[in-house]
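Okay, so chain A shows up in both of these, paired with chain B first and chain C after.
After this line comes the complex of A and B, so read on.
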């Protein structure tokens, strides 16, 4: 039953939503639909051909370099995620236990790097890891090495840089879960005779899982789509999906193949997002 | 030492190392910018400000820096203008699938990786001649920062007190008067938080900028990257130091306002 006021209300809602919907449709939905269409088109000398073809996706499957690119990208994202959990947990736990007047400063030092330009932070790693970087020069000076170590322009640089860039997200996410834990549970566990290790494994860790999961999915998907770090620290030696998309699109002018690659990446990220929503709902249900 | 205090000191040690890991790349950039040589030496020697002077005199940074600031400001204002009505509309909608779908759509630019937005816009913009134009760049940045403003405004809109709005309407105020005098003042903190995040995200945005511009409309991060690629001397470190100081200054402001904790969702 739709009364006049209700019709008015609906009109008002759609009128208010209008600009936002047009904005998102024009700049996000239509371009992504266009991109999907292009990924099913042929290409010749930088020109997009009419018609429908599965050749771009077929070449992703057939050409073993692409399998390698995807495998290495996923492996790098997984490794960065695990490193973020391992490095992030002690910091998050310190923040959660810190007295209020220290907590602010500890939070600040984690969050402030997020406000510094990613290109700048990655450049810092280039200065540290490069052939003539801080580590190589220091080790040479100390007489520990004769030849500079290859720390950038490869996977080592990519993993170290990626971990530093995305670590704050993991710390903030785990800290949020840890702060929410009722102190009484930890005390009960101790009073009942559990040592700190057992308390950690059986009380703290399970209750921190929502933060770990949310942080992991965030870091994993950010690293999957990361572009700045692979481009600057990985160099051409590293096979990374984002760099391959960039090379195909802007260096080789093969837009159909670049979009096909991008579509696979987009599907992976959307799938992860859906999985995260489900996983977090389950945990909220238990909690 | 008992088991618990060993555990605590181990944790403090590990955390200190991780803090070092987070801060060190920025520290190295700052130190390198004051070096008097164009390459890194150990032990470090000499102090000079010549790279700052070179950066100021170089034609490659000032223009892109001004463009980045104007761009971030306009993109933020544009998204504020779109976000307020959108958030007010969502408040009036009944919870359900439709509302969830609209919300998902509005947060879309945050979920889709910047790389994919970049390549999608590259094709769409080239069809309508927006590649390497300021208009195209502004549209792209507005899209990227929209979810940050929208989410912040939505949170404040949801917390609006309905009885104040009702009271205003019962006392005879028109919808615009109610908006300006009752709703807008309670939206200001959320708006300010969203706007600051949007500004920072726009300033940081490298990927999409690289895809939708060529040489005419270079923004600061792209200019830094290109210089790094072509020349790579401490001029980059000098420009980067300015950005490190700016980032920390903004962090102090956000911290004072008590919003630092909400940064967790600022997916770059």
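After this line comes the complex of A and C, so read on.
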């Protein structure tokens, strides 16, 4: 039996949740359902045909360029993820070891690049990596190279740009895990005779794994869906799923195939999150 | 003469403007149970961490087994440590935790297994080998932490308020366990606590610390009965300090505001301080008896004993402890007589501050 105050509170909760739920249902659920439906429709000269067909998915499988696009996309996402782990771990350690009153500032410094629009940031990279960019000009001036290095408009540019864009997510995720490690665990290991390398491998790293996994899934899925970075820094040399979706949808006006591509990407990400949940369960030491 | 296991000489350590160790020297004897006792911030944990090598010193030196280890890292000092927080590695089983130090020191598989068994036996938890720390109670975790610290046969085992996170009943149980494990292992124990009961119960010697200095280093009975100054007297147990005159001719102590306690002393200065503990005060009904006249201010019953707070004519308050329930002979606000017996004296009076 619920009292009057409880009923009032329930009403209040639904009233507060309502706008948000409508927003999510309207702007997320409906488009996804719409997308799913369209991906099973036929297409002719930019027109979506009625009826059900698997042709869009079939063409993805049949046409080997799509396999290549997916392979390049996943490889780039994997490489960026690994680079983010390698570059992010030391920074995360620095944040975790810093006195608590400095952490706020360090967090801000890490997250500050996120305040700049991705397009602006990516063009910034062009100024650095381009044929007439800072790096090439400096190296030429120093006499280290005759020809400018190809640092953008290719895979290298994509990886550098992607790593920089998504590094903050990895750092913040790992730092959260590292801060949760009680200092006395590290001190126990040291007193028991373990050196810094051993302590890192046997104590710090296993306990930081939840952060590494969460950060990896985040960076990997964000990089899978990245659009601006592959478009601007990858250029035409790099085949990327998001760019292919864009081309299909807005250049070729083949919306059904574009949505089929997007669906495959979406399913890949969902699968990834499911795998992450399973992987994280292995590291739930405190449950 | 006992062999010295650990010797800290003239340790100075500053954190910003606070002096955590103010020229402290301390010798820990081989095999003893020594406790650093003091309030939080008195420097007891810092001194322990300096001995462990977890903190550096500004000046001074640490010797372990005669060897100067001041410049050595913690991993080279062959020590054991149990922290207040649960410090077992959460991703390892109990057996892996206990074996960690041995694996690091590259002991053989057989020896490691044998030592794990022996240590589990020592802390009386032989059935928990494969458990994870999260599956253990707080008390069990601390006992496994003890087993892990002792497994490497350290020169010195340090315990930083290891029972601080446990409830009172479990604390009492583990104190007894700790005492037995100390005896059985023969290891030198350095214990840090702010709990004076715990310190007196466990220790062979207690160092009472304040503001980065050791105020008194003595065995528990002397700490309790013969505090060197007011701070130690106040810190350890419930006490009333009565400043009074020693009357050498009558062989006793004349109290302020009248009253005389027969108590022959040798070499006593004229002004002395009497250390009066609740067990030194016997209350008798007003009228008869030869005690000091007083008024009953409070009567408190505490599981098995009754504490009477009485006020003397001089204004000093005394506490008397009696076995059993409150006696009908005493009423709040009523008169009574307090007889002092077996009191001890703090020397020297001048040194009291």
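Everything that follows uses one rule, which is that the second predicted complex is superposed on the first by the 257 of 287 C-alpha atoms of A that agree within 3 Å, B and C clash if a C-alpha of one lies under 4 Å from a C-alpha of the other, contacts with A are read in each partner's own complex, and residues count from 1 in each chain.
Criterion: a residue touches a chain if its C-beta (ideal position, glycine included) is under 8 Å from a C-beta of that chain, and two chains touch if they have at least 3 such contacts.
Being a predicted model, the structure only gives us computed values, none of them experimental.
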item: Partner chain in contact with A:225 - chain B first, chain C second, else both or neither; value: first
item: Greater chain A contact set [chain C / chain B]; value: B
item: First (chain B), second (chain C), both or neither touched by A:185; value: second
item: Touched partner set for A:52, first chain B, second chain C, both or neither; value: neither
item: Touching partner for A:195 - first (chain B), second (chain C), both, neither; value: both
item: Which of chain B and chain C A:203 touches, first, second, both or neither; value: second
item: Common interface residues of chain A - those touching chain B in one complex and chain C in the other; value: 195
item: Interfacial residue positions of chain A with respect to chain B in the complex; value: 9, 12-21, 23-24, 27-32, 34-35, 38, 87-88, 90-91, 93-94, 104, 107-128, 132-134, 137-138, 140-141, 164-165, 167-169, 172-173, 176, 195-197, 218, 221-222, 224-225, 227-228, 231-232, 242, 245-246, 249-250, 255, 258-259, 262, 265-266, 269-270, 273
item: Residues of chain C that touch chain A when the two form their complex; value: 52, 54, 73-75, 77-81, 83, 85, 87, 89-91, 100-101, 104-105, 132-134, 148-149, 152
item: Complex contact set, residues of chain B against chain A; value: 3-4, 7, 11-12, 14-15, 18-19, 21-29, 32, 39-43, 81-83, 85-86, 88-90, 92-93, 102, 105-106, 108-109, 111-117, 119-124, 139-140, 142-143, 146, 150, 200, 203-204, 206-207, 210-211, 220-221, 224-225, 228, 236-237, 240, 243-244, 247-248, 250-252, 254-255, 260-261, 263-264, 266-268
item: Contact set on chain A toward chain C in their complex; value: 182, 184-185, 187-195, 198, 202-203, 206-207, 283, 285-287
